[in-house]
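The following pair of complexes shares a single chain, chain A, combined with chain B in the former and chain C in the latter.
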Partner chain A sequence: MSIAITTQFICFTVLSLVVIIGALGVVLLESIVYSAFLLGGVFMSVAGLYLLLNASFVAAAQVLVYVGAVNVLIIFAIMLVNKKEDLKPINDIKSRRIISTLICLTLLSLLIRVDLTNVWNVASPQNSIGEESTIRIGEHLFSDYLLPFEVASVLLLMAMIGAIVLARRDVMSRDISTGLPVDQELIEKSSEPLLTNKN
Partner chain B sequence: MMSLESIPIQAFLIVSSVLFCIGIWGLLNSRNAVRVLMSIELMLNAVNINLMTFSSYIDNNLIQGQVFTIFVITVAAAEAAVGLAILLSLYRNRVTVDMESFNLLKW
Partner chain C sequence: MEYGLDLEYSFNEFLKGFGLSSEIAHIIWLPLPMLLVLVAAVVGVLVTVWLERKISAAAQQRIGPEYAGALGVLQPIADGLKLLVKEDIIPAKADGILFTAGPILVLVPVILSWLIVPFGQNLLISNVGIGIFLWIALSSIQPIGLLMSGYASNNKYSLLGGLRAAAQSISYEIPLALSVLAIVLMTNSLSTIDIVNQQSGAGILSWNIWRQPVGFIVFWICALAECERLPFDLPEAEEELVAGYQTEYAGMKFALFYLGSYINLILSALLVSILYLGGWGFPIPVEVIAKFLNLPINAPFIQVFTASIGIVMTVLKAYLLVFIAILLRWTTPRVRIDQLLDLGWKFLLPISLANLLITAGLKLAFPQFFGG
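For the complex of A and B:
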């Protein structure tokens, strides 16, 4: 712990406020594009919280993977499916909202009660590994966590192949049901223009 | 009351609890499928904050929580890729991202 304690408190307060207000904005804002960019801010603030917890490597991984990959992927998906549409109204949306909010508040009070009442067996900060955590993570990954590490690489390969298989178009020369030749135009091109009715 | 030599562990845990509940609320109440995926990412981040907090406060020599967080980040990246591919495929078939219209498996 090299930073002064007051600075730590100020950083923690600011980062927590950004995380919580940003997360509220992600779920509450009307525009999905604003939500996506706020999500990037939330990820960056979570990386800042990791830095406060003496974990520089995980903070860097968080910025690289979440902000650099996941958030960009979400923004790409928004741009691919961003058609303004009038959602069909649901008749019992009010009661649904109330019930889900009650469930969330109950869960929140339960979690906070556990957080506050449980006696945490906090270790002394003397034997903290501190700045050498990157070395320790490397030791873990190549000794006792070697099997999960390798399985994670297989998982990433499977996710990559699965994403390609799911997202590509099946190009067939003939329609299966009618036998007529299908037009090979892009579906988005042949259907009505997507972004004409934006406001 | 609390010793002020460092940030209390409860502060981090409360932040992660609030973030998790916001994620669940978004998951239950969003009608846009992309927002559902974003809520899942919020929940995964809340879990990661929890793991990192316990790793830093309770297991600060053998930091196994940080290794777990690395694995969770890996799985979250794979989940985001596959989830968005499913979303694109759904959008191509239904021409909508409204969660209420995805009721093919409803009984």
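For the complex of A and C:
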């Protein structure tokens, strides 16, 4: 075994272990903040796997989009609404956990079956395009994948407008779920006027 | 265009002379440029800290550090040593793991980004194809480290500072990436080497700053905001937030933040000089000098001259920008958080989008000037 292949194997093993253990941690840890940070670690290791596959552009895009945008947003949201409140205990938690475990295991077995039965079209190292891939991705995005690409941007625009409407309470006068009139006051407590009302 | 010293090739040939295989030679070579760049980054920080102290002193009509070495040049080393030997404190109610991981996550991406900084045709660690995109991707990891340390400190000022830092970093990444995109559009490549080579045609006249003046200003503002330099140093605004996410940090962990912010400043200055000021290019093209001296472009003297002038020019341009950044820090007031976000989203973002659109139009109209 040459040095390059050995290095690649060690990197692959470490990255896969980090992905698996990290993903388990995301699901199983009690603290939501730890879960969010571990999710970032999982995204980073997936980017590392892309790098091992010679897809450096996809790896960088993965870091930029998933770690730099999605994960930061998740952590941001968690920290902004990090209220210390006791969660209501759910009475049939055990059966729920068993059911979700079963569903996850079924999905996993499905994926393993796909992996084993499908004939993968693996490019040989000589045929891999490597650095050319950036250009190829661009060509595909603007030719045969143009419609999905544009539809995705419309979808993102819709999500953004929706988020703005939900966040700005002056747009809607009634709460969507309860139908009660929305409290138009600011969340913070009204500040005491400092200089007036003296004497 | 393939001229200049190729140190890796010469080094490998040298080791092969001792009967080593090329693989072993490559492995021995690998850590050398990394170490060199790490040392260069740390020395750069020491110089910048000294400059910051001296220039701030001059701006405030003081003398500044004077007794540690001639003109106080040893003062940054004394600062560093002080931080090194200080007690490493983790607050009792802080989250120990996240508290330690935060500064590391802030520093490591910044150092990794030095991978793509070229000091000459072959004088960089790795000419990766995704080049400048790697830097944009890596710098997007930083906010996680900031949020992590802000949260782990268990302190409201730290948390607020961390949130502010992340918000600022996310907002200014977009105009930054868009102005880089305009350059990439003109270069037809993401590689930093190609970006510099594209500007090397006619010396100072072919630098990108003339073709991308708006992009240059947007990039510089965004780079300052990403580095949390003074017009935009809200995350650690000492007077309002104690020191933001750094409040609870002491000793070496604080030093990591300190180091990270200064390395980031130098890196941003280097990247501005690479993207807009011709990188290692001399204001007069080397070919013209070679012709003037009646020497072929491949002559050893010209090669060594090119390599050394490349390093000198890159560092000189970068430190000129660092000087401007320091001067800005000590002469401008801080913006408010709402002004900061307004500037980022309502001014820089539309401007950089328009700049990208105009660049694309100009590229179609004048392919010979804007990279066909």
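Details
In this section, the second predicted complex is superposed on the first by the 155 of 199 C-alpha atoms of A that agree within 3 Å, B and C clash if a C-alpha of one lies under 4 Å from a C-alpha of the other, contacts with A are read in each partner's own complex, and residues count from 1 in each chain.
The rule we apply is simple: a residue touches a chain if its C-beta (ideal position, glycine included) is under 8 Å from a C-beta of that chain, and two chains touch if they have at least 3 such contacts.
Remember, it's a predicted structure, so these values are computed and weren't measured experimentally.
Superposition of the two structures on chain A shows chain C fitting alongside chain B with no clash. Looking at the shared chain after the overlay, A:F57 reaches both chain B and chain C.
Look at A:V18: by the touch rule set out above, it reaches neither chain B nor chain C.
By the document's definition of touching, of the two partners only chain B reaches A:L155; chain C does not. Put simply, more of the residues of chain A are touched by B, taking chain B and chain C as the two choices. Once the two complexes are laid over each other on the shared chain, residue contacts for A:Q8 go to chain B alone; chain C is not touched. Contacts of A:F37 after superposition on the shared chain: chain C is touched, whereas chain B is not.
No C-alpha atom of chain B lies closer than 14 Å to one of chain C in the superposed arrangement. In the superposition on chain A, the residues of chain A contacted by chain B and by chain C overlap at 57, 61, 69, 76, 80.
Against chain C, in their complex, chain A makes its touches with residues 2-4, 33, 37, 40, 44, 56-57, 60-61, 63-64, 67-69, 71-72, 75-76, 79-80, 130-131, 134.
Listing the residues of chain A that touch chain B in their complex gives 1, 5, 8-9, 12, 16, 19-20, 23-24, 26-27, 32, 35-36, 39, 42-43, 46, 49-50, 52-55, 57-58, 61-62, 65-66, 69-70, 73-74, 76-78, 80-81, 83, 85, 87-88, 90, 96-97, 100-101, 103-105, 107-108, 111-112, 115-116, 120-123, 125, 127-129, 133, 136-137, 140-141, 145, 148, 152, 155-156, 158-160, 162-164, 166-167, 169, 187, 191. Put simply, chain B touches chain A in their complex at residues 4-7, 9-15, 17-26, 28-35, 37-39, 41-42, 45, 48-49, 52-53, 55-64, 66-67, 69-71, 73-82, 84-89, 91-92, 95-98, 100-101.
On the side of chain C, the complex with chain A involves touching residues 23, 27, 98, 101, 128-130, 133-134, 136-138, 140-141, 143-144, 147-148, 150-151, 159, 162-163, 166-167, 170, 173, 190.
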